[in-house]
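The following blocks contain the structures, represented as structure tokens.
Each of the two complexes below includes chain A, the first together with chain B, the second together with chain C.
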Partner chain A sequence: MIDTKQKTTLLLLSPAIIVLVMVILGPLIFSLYSSFTPFKLTRPDSINQFIGFRNYVRIFGDEDFWAAFVRTIVVLTIALNLEMLLGLGLALLVNRATMAQKTLRTIMMFPMMFSPILVGFQFRFMFNDNIGVVNNALQSLGITQEAIPWLVDKYLAIFSICVAEIWNSTSVFAILILAGLMSLPKDPLEAAEVDGCTKWQTFRHVTLPYLMPFLYIAMTIRSLDIARAYDIVQIMTGGGPAQRTELLWTMIARTGYVDAKMGMANAMSYVAILLSIFFTVFFFRKLNQARHQLGVGL
Partner chain B sequence: MAQLQLNNIVKRFGPVEVLKQINLHIQDGEFVVFVGPSGCGKSTLLRIIAGLETQTSGEVRIGERDVSDLAPSDRGIAMVFQSYALYPHLSVRGNISLGLKQAKTPQNIIDERVEYAANMLALTDLLERKPAELSGGQRQRVAIGRAIVREPDVFLFDEPLSNLDAALRSSVRHDLAKLHKNLNATMVYVTHDQVEAMTLADRIVVMAGGVIQQVGSPRELYEDPQNRFVAGFIGSPKMNFVPAIDGPNGSEIAAEGEASSYELGLRPEHLSLRDADHPEGEPGVVQFSEYLGSESFSLVALDKGHQVLVRHSPHEIWNIDQPVKVIQIRDGYRFDRDGKRI
Partner chain C sequence: MKVKSLTYSIALLLAGAAHADLPGKYDGVTLQAKLIGGQQYEALYSRIADWEAATGAKVEVISKKSHFEIDKEIKSDMAAGTTDWCVGSNHSSFAPQYIGLYQDLVPLLAGADIDAYVPAIIGASKVGGELIMLPRAQFDVSALYYQKSLFEDADNQAKFKEKYGYDLKPAETWAQVSDQAKFFTDPPNFYGTQFAGKDEGLSGRFYEMLIAEGGAMFDEALKPTFNSEAGVRALNWFVDMYESGAVPKGTTSYLWDELGAGFASGNVAINLDWPGWAGYFNDPEASKVANNVGVVVQPKGSAGIRTGWSGHHGFSVTSDCANPEAAASLVWFLTNEDSQKHESAGGSLPTRTAVWEHVINTADSDYRKGVLATFSEAAQHAFPVPSIAEWIEASNVLFPELQAAIVGEKTAQEALDDAAKEIEEVLMDAGYY
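Take a look at the complex of A and B:
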């Protein structure tokens, strides 16, 4: 059945296979299995109790979960779109700089050099309603007399989290779009010049189509980032107050580690991952369409 | 349609002078081809005519107008690029008509012109397609269509066939020749391909080192080159150059290391091969022979130390290492030490 050559092959591959099974496949199967149990960290033997889809059924009926799910999509949509627009603007400006372009590029990357945890702390401090610099500035300028509850109000808290995310990660878009701008072919731009196109038309008919693949790559990366957002939210609001800023992963972490309901948390994770997969597939489709339009790849 | 005049065009990139005092007068309706090795300045010159590059000094006149300082779209030119340079997300119709829309041309005139160009270029069935769905040849025809509808005074082509495969290249070349006949427009065409230059041009401008070497009809350039560069550049395979002196019976090839008074240029078809016992000719040994079906070429190492390529009938068979005599069946061209024709 298995000849010597195949045996040797298997033997030589076995270290890699064993490692992969131990660190990826094993935990994956275990977590999938545990999502079908009422596994609680405080009662280890509960892992043996198989309850079928009961966790999933409960999730689907759980309003809090769906609120977090929708909130995650809202944050993702707002942050992604604003980051794209700001990143595009930044990249176009930096690309036009005739002097010190490299320095500007480096400065543009600064926000990415800070850990999201620290960014979270910084923005929590800035948005603090009593001692925060934002309220202080607004009051000093006479725009408002009140202490605006940036991190307490339902909408303002989501807004503040979006601001922190956008500040932290707009440069991902900017740098990828800048790469696109630098690889822009010259001929179509000149053809537009000969055709007498305005700046806006040139952007619309030449620059933008050639940038689309880069935009979609940035979107894919950032959609995954935001769909798994945890650190900034955890630091700034901890998902609160009263779950008003709970996103998927802050909820999952709380369910798993605070409430110790690991089986339930794993079930939630699998639903959350579906969301990420959806966005990845969606943006990759768009990416392929955009590439096809340019006549590269399929 | 209009004539095109270049007066004292100079272009410097930093300290490098890429175009030195270019003067050229292109007649109304003429098809002029710029050829030259890469880096000779031919593309830069075309881009200066288009207005995509600014000349350091000098004047570009199209028709009666000085267009030196006008934007490309105001010069009455249209340009076809090597890479087609289509707008990727617009249909063929959109690509062809964008320039007209931009110029606020009335819709019925746009439709009429698009129709006309599509007919001429056999694009009618493709009008609603996107560039990505077209073949290379079709894309280039769209790019040409985009130029036609602008009804320019001067058409500019920047190596338009270089991205096409060999078979397509000759068919698009014929289309271009037909187009020139139909439109009777002034056309300026840049290429490094001699065949394109020879077949399309009314006049060829040979450039090297930022200087016009010679301007003339394909026949003039081939039969009456003014300098060694033009003689060597036009014609394929290349002309042979050997040092020579005047002898009792006309030019005589000088042996390597021997004193010579000028250089003799001999096209492969000016030479012929004879057996080694032939009474006349330069003795040599065949290095290799290339059979091309309708003709053959043999490279011969002369006993005097030079190598010459000889064109002969495909029915003559010369073997490698066979001793032969090379005879001249036509007078060669003489060039002095500076490469000037004498």
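Take a look at the complex of A and C:
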């Protein structure tokens, strides 16, 4: 039996529960259901046709999907590591600035202020092999006389996309690491100096352990971002040529909206989410370990 | 009997007279419309106010986006069942996808001058025998642009004849385009030609080359047949251009904007492109090849057939529209003779026979006259994409395989076989067999 107090509690909570169900749970259940149907946007009645796990079975046998899955992991690994290194470097430099640090911090965040679509167009133009500024500069400087196919070559195309991603988002790492550096206690640094540690030893054994929780938070955020990368890739290469730069979400968006196969696209999305869940769990475990080493948290 | 027949004839004449001023009176009616946006399409929409003044109705434009965005929105509307708006922009390549969304216009336009539109274009506006769109003055077929000075240069002419054994002049066949493109190429500064390298752009270019080589996309049972010898020959033309370096290496990432900018930059000798670029290419402020642009009708393939992949924009009326007569009146008005004259003044190609004559006669320069005459002839060889709802989906399967052959990951035969197998599955899923 529910007593009056519990009824009041339920009543008071009900608006929040209703909103959560409508905004989060409802669409999730609907999209999960539609992944078990051959739902096509242009044939609305197909939502009523239940086909069990057929979409999932097809996905597991689809080489193109798994190639995109692996490619997404490769881009994620390259971009995440380079962003971390560059972000760490930027944060250390800005932290050492003795004047105009606020201005430098603002400038450092400029790339984050651009929409990924704009960044995609900007880098597509820059890396154009015929009229792009990168080839033009390389040829003018006499470094090459070739028209380097930045957006076509198997490796260069992935590299170009990583460059755009890194340019756009390194500041996420930089700003979080800078926050870590600014909150770093002075005592351990002074103790290391008194003990005769070199600058590298101080950084490696004192500063870095303090920064690790900040690094893992940044990595969690950015791994989620990159695992669902779409805008920049779509604008720069559209996943081509010959699917060389096809990532999970360019494939899913084309399946869902251009081919109108929303049932299949939703099934792909649920498989793709496994990637995000894996990286989130992995980085949160690392975050807890780092906090544990520092003597905070679990 | 005679009286009855006479009465019927008079009734028909009156009906015809009524349709002579098709707009009609629709006071208090508001039509919601979803229209394609963009500079080249906007000029026509000023005519909507004239239709409103003539009919007393109002037009509420509830969405105006690029065609690809409108396409996504319309598909979402179909899924959500929110299709009670009345007038939508449409395109011949996309129209077959919208199953049941739009209604047959013939009953709504009885007596209207449908025969005044170019018959082949009216044919390409039908899906399953129903006229689901009326074409506006936005017809597209490609012709061959070239830099005149390169072909007029005596030194080039002598060297070309020595190397290939025939005179250097604008190409009549795709084999000649291939020779000329290789002859003019000097990478990375100058390229012989270029082509759309992705999306429906590449599928469409392959499709028209396939037809020109005597092949077909599908047989009568809609089984893919493009992996035939003709298909391999067609695809190998693109492969050969890429491997020989006669096109920029990045061409598989190019679409219309890059191609237009490439030819206008003066770095490309020969360029198969749409009529909408003619003015831009000859504009001294925008183009380095201004006053040096020639245009000839598109070349033939080895089967003696000219390429001619074509498409056109138009307007449709939804099946759920509450005022289909008013909507049909608007659609007709926006595609009538006056509207097509108005729209084609901006450089686009009309879809009414009488307007073709008008635009050629009123062209303001010899260049423009030449361009229009060429595209008028090019239109004679035009053909649309296969009229199946799955064309875009099939194209999305096809173009990555074409790219794989072009960049050397697969042979032409392997790429086409793989695409054929996958497209057959798509069509099987759709219930064709």
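In this section, the second predicted complex is superposed on the first by the 283 of 298 C-alpha atoms of A that agree within 3 Å, B and C clash if a C-alpha of one lies under 4 Å from a C-alpha of the other, contacts with A are read in each partner's own complex, and residues count from 1 in each chain.
Here is the rule we go by: contacts are C-beta pairs under 8 Å (C-beta built on N, C-alpha and C of every residue); 3 or more make two chains touch, one makes a residue touch a chain.
Every value quoted in this text rests on a predicted model; they were computed, and no experiment measured them.
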Just chain B (first), just chain C (second), both, or neither: which does A:W150 touch? second
After superposition on the shared chain, which partner residues are touched by A:Y210: those of chain B (first), chain C (second), both, or neither? first
Between chain C and chain B, which one touches more residues of chain A when both complexes sit on the common chain A? C
For A:P185, is the partner it touches chain B (first), chain C (second), both, or none of the two (neither)? first
Contact-wise, after the overlay, does A:L294 reach chain B, chain C, both or neither (first, second, both, neither)? first
Common interface residues of chain A with chain B and chain C? none
Residue positions on chain B within touch of chain A in the complex are 50, 52, 71-74, 77-79, 81-90, 98-99, 102-103, 130-132, 143, 146, 150
Please give the residue numbers of chain A that touch chain B in the complex, ascending. 185, 187-188, 190-198, 201, 205-206, 209-210, 292-295
Chain C residues within the chain A interface of the complex: 72, 75-76, 78-81, 97-99, 101, 187-188, 191, 197-199, 248-253, 258, 261-262, 265, 267, 389, 392-393, 396, 399-401, 403-404, 406-407, 409, 429
Note which residues of chain A are touching chain C in the complex, please. 38-39, 41-44, 47, 124, 128-131, 135, 139, 145-152, 237-238, 240-243, 246, 254, 257-262
